[in-house]
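Next come two complexes, and both contain subunit A; in the first it sits with subunit B, in the second with subunit C.
On to the complex of A and B.
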């Protein structure tokens, strides 16, 4: 008997030792520390982006539109760190101005999409029944059309400008938020505290606004932040196709678009730097939002890997 | 009178949890409903509290048949019944401080200005100190939270109280305090009580009359069958 129990406890001890192996632990801590590094890097990059966008244009009293044909297509140098474009405009300044427009469009479109999505999702989830079925079929129908295509249709109805781009991106991107909010509200709706509110005489409106919406706010806010990079890409894509902003307005999309020709002639800087300006801030925002999402819902981490 | 006539209810029409159950509570009477776990007594309590629409059967409240459940029930009818649930953690909005939790029914029915006074009036006898009232649900114990939930149920001075296993998660002294508070409210207002639970000793001492779930079956004895065999089999 003793030998058996000894043996089992021995195995258990061995298992424990195996579990406490430094390899396993180091992998755990490694993963955690990469996450911390990712969060700090992302946060630093976002702060740098926002500062650059807010401070550089007023601080540098140069005209980003100033044309100097004697200085066209200069490679990066001390005077022009990012070089100049095909009409001699300083690319660093153009990039910062472009980033400003792209960020504005991204944030505005993401906010608008989240507001629409939350309102629609909350209506569907809170009212249920045929309203829910009807609204969600509408969402399915919209989702079945590629959203860039739908965005092009919407934008074609307006003159080129910043707000048509915002409207186009917002009207095509509220669908996923609506789905998230509806699902979350459906799960909250069956909680006993909603029963208690109903029994306490609360109207449908009050139950939704006071008890259901505050519960989905973290998810909706996260969806909004994750939407910002997506909206920035869409702005760039639309502008690159010549449908978004007018070419003379610097946005990251229009910069890449107008530099396309010189890339073939071997001038790499007019495409590379605006390209980097698209990639770096969007990755930083996505990185930070990803970490936030993991914090919000650690259980589903494996499912949430991008 | 709170009269449940031949109530059949559940979450799937093909396999109802409650079959043809009838139960009556006289005004001012305390009825204890005893039954094993999972027999459907909580569902019956939800039907009686107008929170779950039964598949068939009628509920007559003070002589008037009830036609709508949840939001379809008139507000005056819904608020005539105070409900206390089994799990205080799940039945309190995690974002509200206890004072707001208790005041919520008053605010929801447009009696905002009475809220502060009524909360103080309800909280003191239940031992909810101003310090506790400032905390949120995750910062208090189950017993304290359940007392706040009772205060919330009493806020609108209901004529009927439905208590669904209210003391299942609590220790003896909290149970005693809770029962005493409910009885004090009933003695001053004459409210009727339907207490659901599986604790024979408690319910026998607390209530005027206790009913066992088995005794509620209608003549064809469906409910007894539902207790012994899985619902799906008895449905065939």
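On to the complex of A and C.
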């Protein structure tokens, strides 16, 4: 955990401090080695998660919905590592299936949000003038409504389901990407190679698509990856409130939601494990993305990213 | 600070209020546009189960009375002019006027959020300073890893585990609600014991952000020249840390406090529903589950107002705490 935690706040600040290291400041372990460990740990966790999610459901021929009332609410054991729920379903299997659904929803929503954000940000940055002002005003207006509340409103109007969840998460998450892409494009526009392209007779469209957008893609891709945990978080929050996926579909949010009854009866395991399945991928993605961001732009001061 | 620049502050607030008008117009318009695009039917929502057996003529009359046939822009304008006069319509799920629902519940939400925010600021500052004092120490490592894990943990999950631990295992705090189920009266002592757990969980959900920012701010300040100068003059560690590093390190954090309102509202939405806290956030979730459009529209607008007010607060704090910034330029 320590290795991941240093991912964002520690590194760039530490590097800045490295030149003017005050004598009184003691330091723990070597930063460089912890950073390597952090990246490998995060990468291993992500690979493990993706493999588990992709391979386990088709490979293991077990029915996650298999009910066994004689084995209901069993605490964790060798046979059921995460225990069983209130109708005797194996929670490990349910959690893996739930992670699969949550991850799919998260990736789809993050991709959609990135496409919207990149398109809007590129339009604003490349066209400038009143388009830019209007679009940025729109972004400001959108950010004045809390994301989860906007998501709740959209779902309430369109009724819960997989697609409304994806759409509501995408519609509330493109703002930051649009801001990042616009800022990048504005800074790229003043580069000499853009002047060269313009004086070479390239059209505005060609300059934007061939010269500006490729320069923005790494930042947009990073934003997309960082958005996956956010999107998963939103999906689980909506599902938990009963405004997300239908209860019979195992997602991390619906698992916690349906565990509420047994929690109040004192059984903690149906609640604990789905939550851990949200935390671990989030930290792994943050750890890896932190290292990636450092690569992209080592001089920029690190920000907190979750 | 002897006297505050009240004039400049008022002018900034006035400018922000002018800016807020178009934003609120746009947000409410958007709310009505989304409702118009959705399969939501105001007549069915108004009639509820009674509308199922009603004959067509009654339904048509109801439709006409509700103005549901008008284009949504007209209905939006109607709603807006009435809302300015204080009439926000009737909530079908609460069975009372929307303004009354908000009036009754706003107090409890404010109480919850204020307690949680105060706890988060105090504990966050303390932990952040202690962690920044010795970067890389076991305390720093424990605090930062805990902060990152908590930031990644869903609030509702933390809330449920807190109920399990404090209400079920140890039986020291009530599991939810505002008062004991048996009691009719709302007494201060009962509210106090019931607010501890939800406010604690909400504070924990806001805490990681504070800890990490204070740690970074104070850590950066500790490496700067004024602090080195203070140490060279032989000032005590305490004076250096609290008088020099914390003061300059806390500045950026303070200014971001107001911009945390959306996260606070998000946290309150989840915490209030888990703990059955009778606030407006829990009412929002209920309104959404039963598609109570008048209540939902009013609460979305209210949340937007809160966010805009938070932004204003952030700017005011920024202008007041940093003498290099002029309020008139914000």
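By our rule, the second predicted complex is superposed on the first by the 270 of 306 C-alpha atoms of A that agree within 3 Å, B and C clash if a C-alpha of one lies under 4 Å from a C-alpha of the other, contacts with A are read in each partner's own complex, and residues count from 1 in each chain.
One rule holds for everything that comes next: contacts are C-beta pairs under 8 Å (C-beta built on N, C-alpha and C of every residue); 3 or more make two chains touch, one makes a residue touch a chain.
From a predicted model like this one, the values you see are computed outputs, not experimental measurements.
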Which of the two partners, first being subunit B and second being subunit C, lies in contact with A:37: first, second, both, or neither?
neither
Does the superposition put A:199 against subunit B (first), subunit C (second), both, or neither?
first
With both complexes superposed on chain A, which partner does A:211 reach: first (subunit B), second (subunit C), both or neither?
first
First (subunit B), second (subunit C), both or neither: which does A:191 touch?
first
A:260 in the overlay: touching subunit B, subunit C, both, or neither? Say first, second, both or neither.
second
Which partner, subunit B or subunit C, touches the larger number of subunit A residues?
C
Just which bits of subunit A does subunit B share with subunit C as contact spots?
none
In the complex formed with subunit C, which residues of subunit A make contact?
1-2, 4-6, 9-10, 13-14, 16-17, 20, 22, 24-29, 138, 140-141, 143-150, 152-159, 229, 233, 236-237, 240-243, 253, 256, 259-260, 263-264, 266, 268, 271-272, 274-275, 278-279, 282-283, 286, 304, 306
Counting only contacts in the complex, subunit C reaches subunit A at residues 23, 26-27, 31, 34-35, 38-40, 134-137, 141, 144-145, 147-149, 151-157, 160-161, 163-164, 168, 175, 208-209, 212-213, 215-216, 219-220, 222-223, 228, 231, 261-263, 265-266, 269-270, 273, 284-285, 287-289, 291, 293, 296, 299-300, 303-304, 307-308, 311
Tell me, which parts of subunit B touch subunit A in their complex?
46, 49-51, 70-71, 75, 78-79, 81-83, 85, 87, 90-93, 95, 104-105, 108-109, 149, 152-153, 155-156
Within their complex, subunit A touches subunit B through residues 191-193, 195-204, 206, 210-211, 214-215
